[in-house]
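What follows is chain A paired twice: with chain B in the first complex and chain C in the second.
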Partner chain A sequence: MRPILLSGHERSLNQIKFNSDGDLLFSVSKDKVVCAWWSANGERLGTYNGHQGAIWTVDVSPNTILLATGSADNTVRLWNVKTGECVKVWDFPTAVKRVEFNPEGTQLLAVTEKRMGFLGTITVLDINYDNNFENQAEEPSLRITCDESKATVAGWSYLSKYIIAGHEDGSVSQYDAKTGDLEKNVQAHEFDLQINDIQFSPDRTYFITASKDKSAKLISARDLSVLKTYVADTPLNSAVITPKKDYVILGGGQAAMDVTTTSARQGKFEARFYHKIFEDEIGRVRGHFGPLNTVGVHPSGTAYASGGEDGYVRVHHFDKSYFDFMYEVEREQMRK
Partner chain B sequence: MAPSFDTLTEQDLHEEEEEEIDFSDLKEQFEVKLEEGLDTFVVIDGLPVVPEESRQKLIRFLLRKLNAAGHTSEDAVFMPVSEKNMTEGFAFVEYETPEQAVAAVKQLHGTPLDKKHTLAVNKLMDIDRYGREGRIDEEYKPPMIEPFKEKEHLRSWLGDANARDQFALYRGDKVGVFWNNKNNPPENVVDRAHWTQLFVQWSPKGTFLASVHPQGIQLWGGAAFSKLKQFPHPFVQLVEFSPAEKYLTTWSSRPIQVEEGGPAVLSYEEDGKNIIVWDIVTGKPLRSFVSHDLAAGPSEAGVEPKKKVQWPAFKWSADEKYVARMQQGQSISIYELPRMNLLDKTSIKVDGVMDFEWSPATVAREGVKQYEQLLCFWTPEIGSNPARVALMSVPSKEIVRTRNLFNVSDVKLHWQSQGTYVCVKVDRHSKSKKSMATNLEIFRIKEKGVPVEVVDSLKDTVINFAWEPNGGRFVLITTGEAASGAAVAPKTSVSFFAPEKKGGSAGNFKLIRTVDKKNSNAIYWSPKGRFVVVATVHSQTSFDMDFWDMDFEGEKPEGEKDLAANLQLMKTAEHYGVTDVDWDPTGRYVVSSASVWTHSMENGWNLHTFSGQTLAENPTEKFKQFIWRPRPATLLSKEEQKQVRKNLREYSKEFDEEDKYAVDIANTAVVEKRQRVLSEWVAWIRREKEYLVEDKDTYGFPENADDPKLARDAPPASENQGDAVVEEIVEEIIEENEEVIG
Partner chain C sequence: MSKLGNRADWADDEEFDDPSALPAQQVISNKDGTKTVISYRFNDESKKVKVTRRIKTTVVKEHVNPQVAERRSWPKFGLEKGHAVGPSFDTTSVGENIVFRPSINWKAQAAEADKNPEKGSMKDQLKDKKVKCRICSGEHFTARCPFKDTMAPVEEASAGGAEGDAEEAAAGGLGAGSSSYVPPHMRKGAAAGGERMAGKYEKDDLATLRVTNVSELAEEGEVRDLFERFGRVTRVFLARDRETQRAKGFAFISFADRSDAARACEKMDGFGYRHLILRVEFAKRAT
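For the complex of A and B:
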């Protein structure tokens, strides 16, 4: 498995995202530039310029027409994927830590930071594709305020029924996506260790969380019951569920601020593969020389990419052995 | 259960019920008296009864004694006179300060005045407090004798069906005891938070586990590790057991301050002392001592050098009959157990004595019939007298062998575990004191006249030396001079020595082999001998462990034919940041560990076999201590052990089968568990999909809105469509790649 090294960023990566076809990869970093890459060979397709601060988050609409980014310059920007034009800027009172399109591509959620007297919020914006994207509503259609513990990440459940949010205190909440009412809150991770990432399964019925408490959990979107727990030996920044094969990929490593105080061999800057159902660690992929901030997987499950504090994105296309690997019990199940 | 020392006593366990407890009796007993002024008074009983005329004479006589403890005067002594003009046999004395009064009680109580009279000195307050009416029952009531309670079997762990060994693991705030399960995860016996404050320690035969608290030492044992005995030594820092677990020595840098209301077992005897020798069975102190510090090195640039603690402060003879300690440079004091009295009521004066060691086993010297324990000590060169190593027989205190040495800088004494040899490692300097060399002088204790063999002088300094347990071979590590200013420590060499084969008895010691250019600094022999681990510990840059076999069952090099050894390096293992290496008591396993006490990088412990094969790695956060539970000596006779060794092959066949069976069982369990987990998952996915369809209906989505996505995610469903799909996708992408490049 030879990785393709994407070295287009000058600072640490914050999020990477494959589009729904898997041919494009979008990456954002602290250097204020959004990059788009061909996932097959790592060639850079282009950049989206305009943000004034570190970009925390990126998402692409399901039809790969619009791109949304959230940044430390307190804005959410909407871009035309094809032309690279910025079609809309929404201003917020604080930094935007996470954006995500709903499965239909009609709405966009944005998680805003708690700062300077403003509480953290999850804001829902309506997206309009008509008239060259110029008819975007100025006002959000829904605003959820997190007055207890701020949300750090959020995403849409199946059928855009719920908004699922991960919080700074290690809990996970389920909100009604229409009304914004809090339906459930579960202390899924250790108290006061924040959830750094939430990524959904392809049908969005369950999701995986990555937490500072050195574990990742597979949680049902319907009732927030914890289905599986994956224990690592280092704080986790990102986790993703692989389609096609029943694996999950976890990324993390010693927190960036602690790295210089310890030896390099202790950093644990590896992508870890666990079996989704049996919770066993299957393998690790080395390469980064800083913690992994984000991992993403190709929607057809043939490749994955990781973005690190070291400023590199590494794209790996899986070998045959990856697809062949199977537990004996799985093989039996197949034969039946 | 949070077994902090405070909650260990039964009544303290009920602290929660505090509000309902009737404290009136305690209040009465410990009530603080506010009427001041009486604290300076003491009452003296046991005085002779004299007529009034001789009263002044008695008072003056008494004053001489009283003033030894503090300041008082004739006027301050009040001796009442009865109607018959006779004194009553008691007196009240006022001291200047309450402290003096306390000192008087401490010093004078129980001291004889003359042959017939013994003083009883008490504080006036105490008499008032304890002797007040109603405090003492008129009738004698015998104390309640607690009914006998069956205790847990203290050696139950030896009865394990698979003869596994236990170990204690201290990490974070938790201490646990586990069974070693080879490459499987260890099986927990007990695991308790805050079980100890400083460290844990096993007794030499493994019966007790000692935990260290600011209030004292607590011993634990039995199958469930229930509390057995407490030894309340405030701020205790070090603890040592006697070889047969009958006695315990504790040390604290802070002198003990005995206060009223403190632990009842400590009396004024212990006040101001650092060391207590305890009887483990009774839990009572036998005797307490002020510690002697070792002379520190020469003071540098006006900075007072730190005094070194001499530990173990008391060294035990092999049979626990004697315990000795040394006043460095002056004398050795030997105490007899169980009374803890000084042997012949006097310390043995040894001018300049630097160090001593008891023989670790009771040795029978040739031609010596009577009972004796041997002790070896050395003295440096004083004036024109040579340095001297001597062997003393106890209790006769006779010096049975001495040897004079010249140009000595330092000497280390190493007894072989059976007391057969004592190796005296002599560091010598040349006349100019510029170059150093080491001599090994080996006393053959069991041979007639205790001959001394000198092993050829080694040019380099020996930094470590270790005898093979129950054997006659040894390993030593030498190092060259450190280049001044060099950041790296100089390379070391490891040398292996064995005696020559010479009929029945062991011949001269000969070098087998020297391994150069190593970084090794520590030697760990298997407790059963034969195997030895030579490791580099506490090092930033290297952390290798060499596993050596001294009796390799293969071909032997021609040149080493005459030696009682066949040296072979079995394996080299690495453990990053290793700080400690421990053999299990049976010599089957070796644990290397990296403790947070030394550094905070990759703490944890690794389990290896005796031959260096790593069985398990256990990275553990805040790992502090790993200690194997020792075992008592085997009950099998030498013949029986020989028999076992002979039939080893048959036994091992049995064990191999057992192992195989266990593995099979474990594998089946794993497979069963996986099957269950997988079917649960498949069922969950199916149910979830049904819900999803229902939801879609209610939301009015077409049923197959995002079917392609679903198919990808749900493997059991999609797998039915055949595996051809998987391969097709992979191939297509590879081709696509080539087109782009072309």
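For the complex of A and C:
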């Protein structure tokens, strides 16, 4: 497995996303550019320029036509994926920490920071593809205010039925995506240790959370029951469920502020692979010089990419041993 | 002129007879659709090697989503605008190969790998090594040896004395072995060149014997008595340890007459002295 190193960013990576076909990879970092890469060979397709601050989050619409980014300059920007033009800017009172398109691509949620007297919100924006993307609604169609603990991450469940949010206090809540009512709130992770990432399974019926409490959990989107727990020895920044093989990939490492005082080996800057069902750690992939801030997986399960505090994106195309690995019980199941 | 005209540069002219030139590569198309490529190259020993390869070309058709195919033709934009097709070196590189083998007992394997201490630094490895002279086995560098002008380095085989074989092996590691550097003028076949600086004032060590396997308890006087029977002895040197003042197991005896020395060598080789069998031979000239 020879990783492809993408060094288009000058500062630490914040999020990477594959598009639904897996041929493109988008990355955002604390420098002000968004990069689009071909995942097969690591060639850079282009950059989306215009943000005035660190970009926290990126998402691409399911049809790979529009790209949304949220930034510390208090804006959400919508881009034409093909040309790199900015087609819409929404202004917010605070920084935007997470954006995500719903599975249909018709709505976009944005998680805003709690700061300067403003409460954290989850805002839903309608997306219009007609007329060269010009008629985007100015006002959000829904606004959920998190008055207890601010939301750090959020995403859409199956059929855009719920909005699932991870909070600063380690809890996970489920909102009705139509009305914005809080349906459920579960303290999934240790209290007061924030959830850093939520990523859904391909069918969006369950999701994985990565938390500062050194664990990742597989949680059902329907009733927020914890299905599996993956315990690591370091705070986790990102977690992803791999399609095709039943694994999960966790990324983390020593907090960025403590990095200079630890060696690369002690820092545990590795992507950890766990078996999704048996919850065992099955391997690690080394390479980054800093903690992994984000991991993403190819929708067909043939590759994964990780973005680190060191400013590099590493794209790994899995080789045979990855696909061949099976537990004895799995092998028996295959024979039957 | 026309011939020159279609050539890029006269410097590119390759029509010279170079004996080391390789024959041109041949490509033969076989009936079964394969190709045979015969090429020549020089191997590490600068011998000509013929390489014959049979190549079968298969066309793999890949079906991709039409959207993906359409995207492949998109022009670059933003900072990449106008750049050529293909990854550029300043943003994309390939990392070193990573072996990733998932395994059930990964934890146990990792713990084992941690337990095995990594190879220590060179300093630690050499901590127990001592400096050893190749001439007299003393604890100084060979270059500082007091006998470097008169004596040849003790060879591995003949040096086996009271010190035991284990230490000899260590001495070999310090460069006395056959794999060590030999200056050009000392190599086999090279003419004995280079006058020595000492010239005619050089000590005559043709009549010097080297005695090895001498007991630790040997005394210089005793050794002198042993050899004085054969003729006039001009010098006796018994190597001693600097700290313990015990004999190191070898000695040099210089005779005034070479014939006496030859007789002593013959008679004393194999002589029993203080429970050890002496080994006597002519000392080699130091070079």
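In the analysis below, the second predicted complex is superposed on the first by the 334 of 336 C-alpha atoms of A that agree within 3 Å, B and C clash if a C-alpha of one lies under 4 Å from a C-alpha of the other, contacts with A are read in each partner's own complex, and residues count from 1 in each chain.
What we mean here is this: a contact is a pair of C-beta atoms (placed from the backbone, for glycine too) under 8 Å apart; a residue touches a chain by one contact, two chains touch by 3 or more.
Nothing here was measured: the structure is a model prediction, and the numbers come from that model.
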item: First (chain B), second (chain C), both or neither touched by A:330; value: first
item: Chain B versus chain C as contact partner of A:316, first or second or both or neither; value: second
item: Which of chain B and chain C A:41 touches, first, second, both or neither; value: both
item: Which of chain B and chain C A:6 touches, first, second, both or neither; value: second
item: Touched partner set for A:64, first chain B, second chain C, both or neither; value: second
item: Partner chain(s) touched by A:53 [first = chain B, second = chain C, both, neither]; value: neither
item: Residues of chain A at both interfaces, chain B in one complex, chain C in the other; value: 41, 327
item: Chain C - residues contacting chain A, complex; value: 65, 67-68, 71-72, 74, 76-81, 85-88, 90-104, 106-107, 110
item: Chain C-facing residues of chain A, complex; value: 1-8, 21, 23-24, 33, 37, 41-49, 63-64, 82-84, 247, 273, 280-287, 314, 316, 318-319, 321-322, 325, 327
item: List of chain B residues in touch with chain A within their complex; value: 576, 601-602, 619, 671, 674-675, 677-678, 681-682, 684, 688-689, 691-692, 695-696, 699, 701, 706, 709-710, 712-716, 719, 723, 726, 729-730, 733, 736-737, 740-741
item: Contact set on chain A toward chain B in their complex; value: 40-41, 103, 158-159, 161, 201-203, 205-206, 220, 222, 227, 233, 243-246, 262-263, 265-266, 277-278, 299-302, 317, 320, 323, 327-330, 332-334
